[in-house]
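Structures are listed in the sections that come next.
What follows is a pair of complexes built around subunit A, which joins subunit B in one and subunit C in the other.
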Partner chain A sequence: MTYRARGRAWDVLTAIIIFNLAGFILLAFKSSPIDDQALHMAIFTSAVYVISYIIMISFFKQCDKYITLLIFALSSIGFIMLYRLDAQTAIRQVQWFMLGISAFFVILILSRYMRGLDRYFYIYAVVSVALLLLPMLIGTIRGGAKNWIEVGGYTVQPSEFVKLLFILATASILKEKRSMKELLPLMAFAAICMGILVLENDLGTMVIYFAVFVIMLYVATSNIIYVLGSLITAGAVGYVAYLTLGHVRTRVEAWLNPWADATDRGYQIVQSLIAIGSGGWLGSGLGLGQPYIIPAAKTDFIFAAIAEEFGILIAVAIIAMYFILIYRGMKMALSANDPFNALIAIGAAATLGFQTFVIIGGVIKLIPLTGVTLPFVSYGGSSMVASFMLVGIMQSTVIQPKPSGEVYEKEIIGERYSESY
Partner chain B sequence: MRGDLYEVTALSSRYIFIILIYIILYRTIKGIKMEYALAAAGVAKPSMEPSYGILSVVECLDGVSTIWAGMEFPIKERNTIGRSRDNYIIIDRDDVSKQHAVVYVEDKKIYIEDMHSKNGTFVNGKRVRKVTRIRDGDSIAIGPVMFMVKIPAAIKNQEIG
Partner chain C sequence: MNRIKRNTKQVLAVFAAVFMLLIGYLLYTYFFQGNRLANSYYNKRITQKSQEVVWGDIKDRNGEMLAVSRQKDGQWVRDYPYGKVTAHVVGYVDPKLGRAGIENSQATYLLGLNNGVLEQAVQRFVFHELHGNNVILTLDYRLQKAAYDALGNRRGAVVAMDPRTGEVLAMVSKPDFDPNNLAALSDKDALYNKALQGTYPPGSVFKVVTLASALENIQDIDSQTFTCNGYINVGDYKLSCSGNKAHGQLDITEALGVSCNTTFASIGLQLGDKLLSQTAETFLFNRTFAWDDMTVYASNFPKEEQITDDELAKDAIGQGKVTVTPMHMAMITSAIANDGDMMQPRLVKAVENSRGRIIRRFNPKRYAHVTDKPIADEITDMMVSVVTDGTGKSARISGVDVAGKTGTAQAGGQQEDHAWFISFAPADNPSIAVAVIVENAGTGGVQAAPVARKVMKQALILGYE
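Take a look at the complex of A and B:
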């Protein structure tokens, strides 16, 4: 029985590796002398997957191997698409992937020794606000949002990492039943974070923070009044922002009718829709479309680029993969024994879910476009490492101190069950 | 000429990509389903303690932060229930005693014992006076919480066989 259960996961890994190899080998034959670099990428990324997977199943048995496998599948599609757009970017993305998965393992190891993370609300809050304020003081503007800082030649986006602290801070207050008055520091903290993000013009991230906050609040208190209050406040603030802030109105108008100004304000969405439409169900074929026309095809609009060349069937499969990933996160929250861990798992799953929804929704013109990355697929070091860290804290909620013995008995129950199955 | 060859290969490999992606999805879902089937039979993930059944919270009055309807506690060798923090199932409300009751497994049978609690433990509506055996489908009421005992068929068969 255990063998069969294990066999399924290996099947999935094998399929991912065949996909990865097929994609890169196809790209290698695109240029006239065969592109050796693509072949190297094929072998190297597959080796990274196998090694990470073996580390995962041998040292972190309690963790969810399917989440890791889905991340491999998503990142593989990302690597192939990035390589097709620009080889250098893809190579850097593989480096970020390795850094990310190392951060993931480090968090899992640390969580075996770390206890009482729920006591430091004020530390989380102060560090979060400080990190969010950094780009305003020493930041650089990129893509209309002032949310980047430069550290030793690399640009880092602090708001990606503050997501973790935001979840920890919110969970450490909401883990117990609180009166309205006791919730005030948390409300103030959340409002300050979102205010800073609005000032930095990072609306997509602000929406994610807000959604995660409301979800955690509702999960912890089951009080619909808080949720309605937050939503009404958000609606009012949003409406005022629409009336007063030019860039908010531009985005909403570009969403309502991008074709009215297709060469300027609606350009991104129009190009994205044309790309998805020209790909159709099956896609134009890898290397045969024109995804490089889409603005920001490597980062925010990578979903449109994938939909064009791989086709809508694969785009739908990607959405299904995120769905399973988030479902597994919610399941982890349900099986957590302690409300703090449950809230962390919910927060991390909600963050990944909303980030995916906000960007895919924006790219397919379901909701107004705000620039955030597609977790594990879009190019970006901060995004890749932060997404891995989110999955890390989500998985760390199931890690408990090792129980002693009893392994033999479990095996026996497993065997008997397999006979009756 | 080379361009044409690439075009044909790329066009036909679209199907391979689609088939592979859906194999990945299908196998993942299959694997997850299998894992749940194992977990329901008490053979959860390899390094977890064995469980003999599940105490599922079917009802929980408002005002308890540590427990909520829908939570499921695997029944282990010894499961203490009460208000203080060192219990397996913590019910943080004044009408629950510090050490309220204990559910334990002996010889593969599950029993419940009231630990001289103030407001009592009720199995199927009857107050527990002495050690009582509990079976699949029994309800246990403690203060604001109502549990349902679930013993998966796989474990029941094992007990008989």
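Take a look at the complex of A and C:
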């Protein structure tokens, strides 16, 4: 690492800290008497960033520190916006952030000792399906989707965590050249997962699983027929769903013309667009807009809330930051040493990227709205921790497991992979 | 591995495209719809903000106050000095009825919602009161009053605009209402701005569109002679001239002058449905205009695959299923006056902050090119002879060439006809264009032309040139 490069990363961190401090201090001084809690938040979150960053550059030198910095920047905007909307939510979000980043480090540490993760397709598959089925058995309904379970007073969304297993399972099969017949178990597994998600009404997550699956399938096989076949099947299924499922049709109609029913079915999207239109290029200013008018402003629609108070330019910058995040994720795939790791990095980057597209696209009415979270920004424990875990497995792909014997050494350095492709 | 890397790059390229699409659509939404979204009736920010901000004033182009915030018993109230005269343009803010007019469409400016942080800080800490911005309209109160008085107690609408800039100088809709006393409102229909939202059969004023189509598509139209027996049979349908009057032998200029239905129906049949509807679409029929300062309902020209001949004959003389708004008719008139260039009508000229400094100016915008200059000039000449020798004599102004066209549109059933008049003056260098409709009043030449004349004359006296 050159001095220049080190300097640049620290500059970025400094900028993030200044932004973070400025946001919270502004919120602190907005109320009278001065809101001490906001000042505590400012200091605490900044400290968490600095400490996490030092851990990152000290112990995980191979990893991409800019990805971590991007996550800090995004989460900081999220914290500030959530604090502005509701202080308690923001405090809980910081707790989720700490849990998430801990999980991230644990994954990085474990990856030094774990190897042969590509051998357990059936375990991943069975656990995935079991976890996805849980909400149907003991779940609670939220926002029309039955995809939550209660664990010790907290609600958990298993489909967020299954993303991880789904990527591992898919990569385990696709790491080698497979015949059509060998791919069948994977196809069946993917179909079952998506089927369960449809039954649980979690359409947004289903679409993400589908897109990630198709992307990984294409990258591994280069077979455009698989991609086209999947897209055609999806189109047909989607059309049938539109014709038969009332709530799918409602969403499509609310997307095509939200103004036709602006107080009921189109309400969310209309309020979201109005918020985006009300903010202006530079936004109304933090604390000076009325983002609490937007329904689900803390979760699904946080992007509209940010656009209102921080402005269109910051909203564009956020989209750009997500793109840089997935760009750097995919770059890890390019430098990975074997197909399994490459596929995992691609899967994780594609999951985060596509999820971002689905929710921002829904909020700005580019595509029909499906309720998923904006990674690292929307409020939600499952989403925060699962997103960190995705970045964890993405980053772990560049960590060489510690050699623990001759056999393994050969396996990893040997010609096996290059032969199979 | 190499293949994986290549495919990864492709996937990345797709992601780059998708994210560019997100950014592009966000910018598009904000750039082209942001203003309308922010001013939306459903924007609760406006209702909330009106409680803490003093609404800005609305003025006409000469600084005449049309809406002001006044202090009354320690509270700010909205006052409309000219009440009924400017009611539909200026609009109102009412807890029960909502918002309308400029008070609605410019609410973000009037409330200073898009003021910068600095401006807000100055107001908060220096003046200790938040003030919105003032909106300066293109309207000229003196012309507005002339149009308002000329229409009198009759139902209808008047639109006057500068054909060169699209600036709306007067816009009246009757019946009217008193925005200072909305509680006394008995008929909610009075709230409705007929100039923008009333769709009427145009009758013979539509003949200028048919004429434009004929001049464009029929080569020898100028040398054709038509024979009018007072009616024409199209299939089983008998279409007759006003009062079944037989006009005899006439050319196209004379046909426009006497507004001969028979001749224009036969021109319509000569053109055929394709060409006529093409010209109508060029003149922006079947299009809703959603601009930041006004929304104009779509005028209608039938779009069916096959229009039967009797329908086509009716359409060509502005009957049948053809409908038009007074604003759209004023736009068409202005386009002919302005060498075929249709300017976007505008109500807002500028926005100034609470201390009188202009912060935003709106410039003329060419909206569409509807016909070429030679055709526009030829139509103008024919419209001049409508006023000198034809049905529009009551719009004559001494010393000035006026171009005009009358319309007497069947209103359906036993109702009296709608009286239309479109005109502009001076014909060689037009500075004002007017469209007038008087509902169920009778013939255009008698009922509507004098109204247009008064407005044009007032404009010329006031020095619009």
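Basically, the second predicted complex is superposed on the first by the 399 of 421 C-alpha atoms of A that agree within 3 Å, B and C clash if a C-alpha of one lies under 4 Å from a C-alpha of the other, contacts with A are read in each partner's own complex, and residues count from 1 in each chain.
In this section, a contact is a pair of C-beta atoms (placed from the backbone, for glycine too) under 8 Å apart; a residue touches a chain by one contact, two chains touch by 3 or more.
Only a predicted model underlies this, so the values are computations on that prediction, with no experimental measurement involved.
Peer 1: Which partner does A:I276 contact after superposing on A: first (subunit B), second (subunit C), both, neither?
Peer 2: Touch partner of A:I276: subunit C, not subunit B.
Peer 1: Let me test your reading of the model: by the given contact rule, A:V126 touches which partner, first (subunit B), second (subunit C), both or neither?
Peer 2: neither
Peer 1: When the two structures are overlaid on chain A, which partner does A:G285 contact: first (subunit B), second (subunit C), both, or neither?
Peer 2: both
Peer 1: Have a look at where A:S222 lands relative to subunit B and subunit C in the superposition and call it first, second, both or neither.
Peer 2: both
Peer 1: If we overlay the two complexes on their shared chain A, which of subunit B and subunit C does A:P339 touch? Say first, second, both or neither.
Peer 2: Both partners.
Peer 1: Based on the superposed arrangement, let me know which partner A:A73 touches: subunit B (first), subunit C (second), both, or neither?
Peer 2: first
Peer 1: Given the touch rule stated above, what does A:L117 touch, subunit B (first), subunit C (second), both, or neither?
Peer 2: neither
Peer 1: Would you sort A:S32 into first (subunit B), second (subunit C), both or neither based on which partner it touches?
Peer 2: Touch partner of A:S32: subunit B, not subunit C.
Peer 1: In the superposed arrangement, which partner chain does A:R328 touch: subunit B (first), subunit C (second), both, or neither?
Peer 2: Only subunit B; A:R328 stays clear of subunit C.
Peer 1: For subunit A, give the residues common to its interface with subunit B and its interface with subunit C.
Peer 2: Correct list for subunit A: 222, 282, 285, 288, 320, 334, 339, 417, 421.
Peer 1: Okay, in this complex, where on subunit A does subunit C touch?
Peer 2: Contact set of subunit A toward subunit C: 215, 218-220, 222, 262-263, 270-271, 273-274, 276-278, 280-282, 284-285, 288-290, 293, 307, 312, 315-316, 319-320, 322-323, 326-327, 330, 333-334, 338-339, 342-343, 346, 350, 353, 357, 360-361, 364-366, 417-418, 421.
Peer 1: Can you list the residues on subunit B that touch subunit A in the complex?
Peer 2: 2, 6-7, 9-11, 13-18, 20-25, 27-32, 34-35, 37-38, 41-43, 45-50, 62-66, 68, 70-73, 154, 157-158
Peer 1: Sort out for me which residues of subunit C touch subunit A in the complex.
Peer 2: Counting only subunit C, the residues touching subunit A are 1-5, 7-9, 11-12, 15-16, 18-19, 21-23, 25-27, 29-30, 33-38, 40, 42-45, 48, 108, 113-114, 116-117, 120.
Peer 1: Write out the stretch or stretches of subunit A touching subunit B in their complex.
Peer 2: 1-2, 4-5, 8-9, 11-12, 15-16, 18-19, 22-23, 26, 29-30, 32, 61-62, 66, 69-70, 73, 175-177, 222, 282-283, 285-288, 310-311, 313-314, 317, 320-321, 324, 328, 334-335, 337, 339, 402-403, 406-407, 409-410, 413-414, 416-417, 420-421
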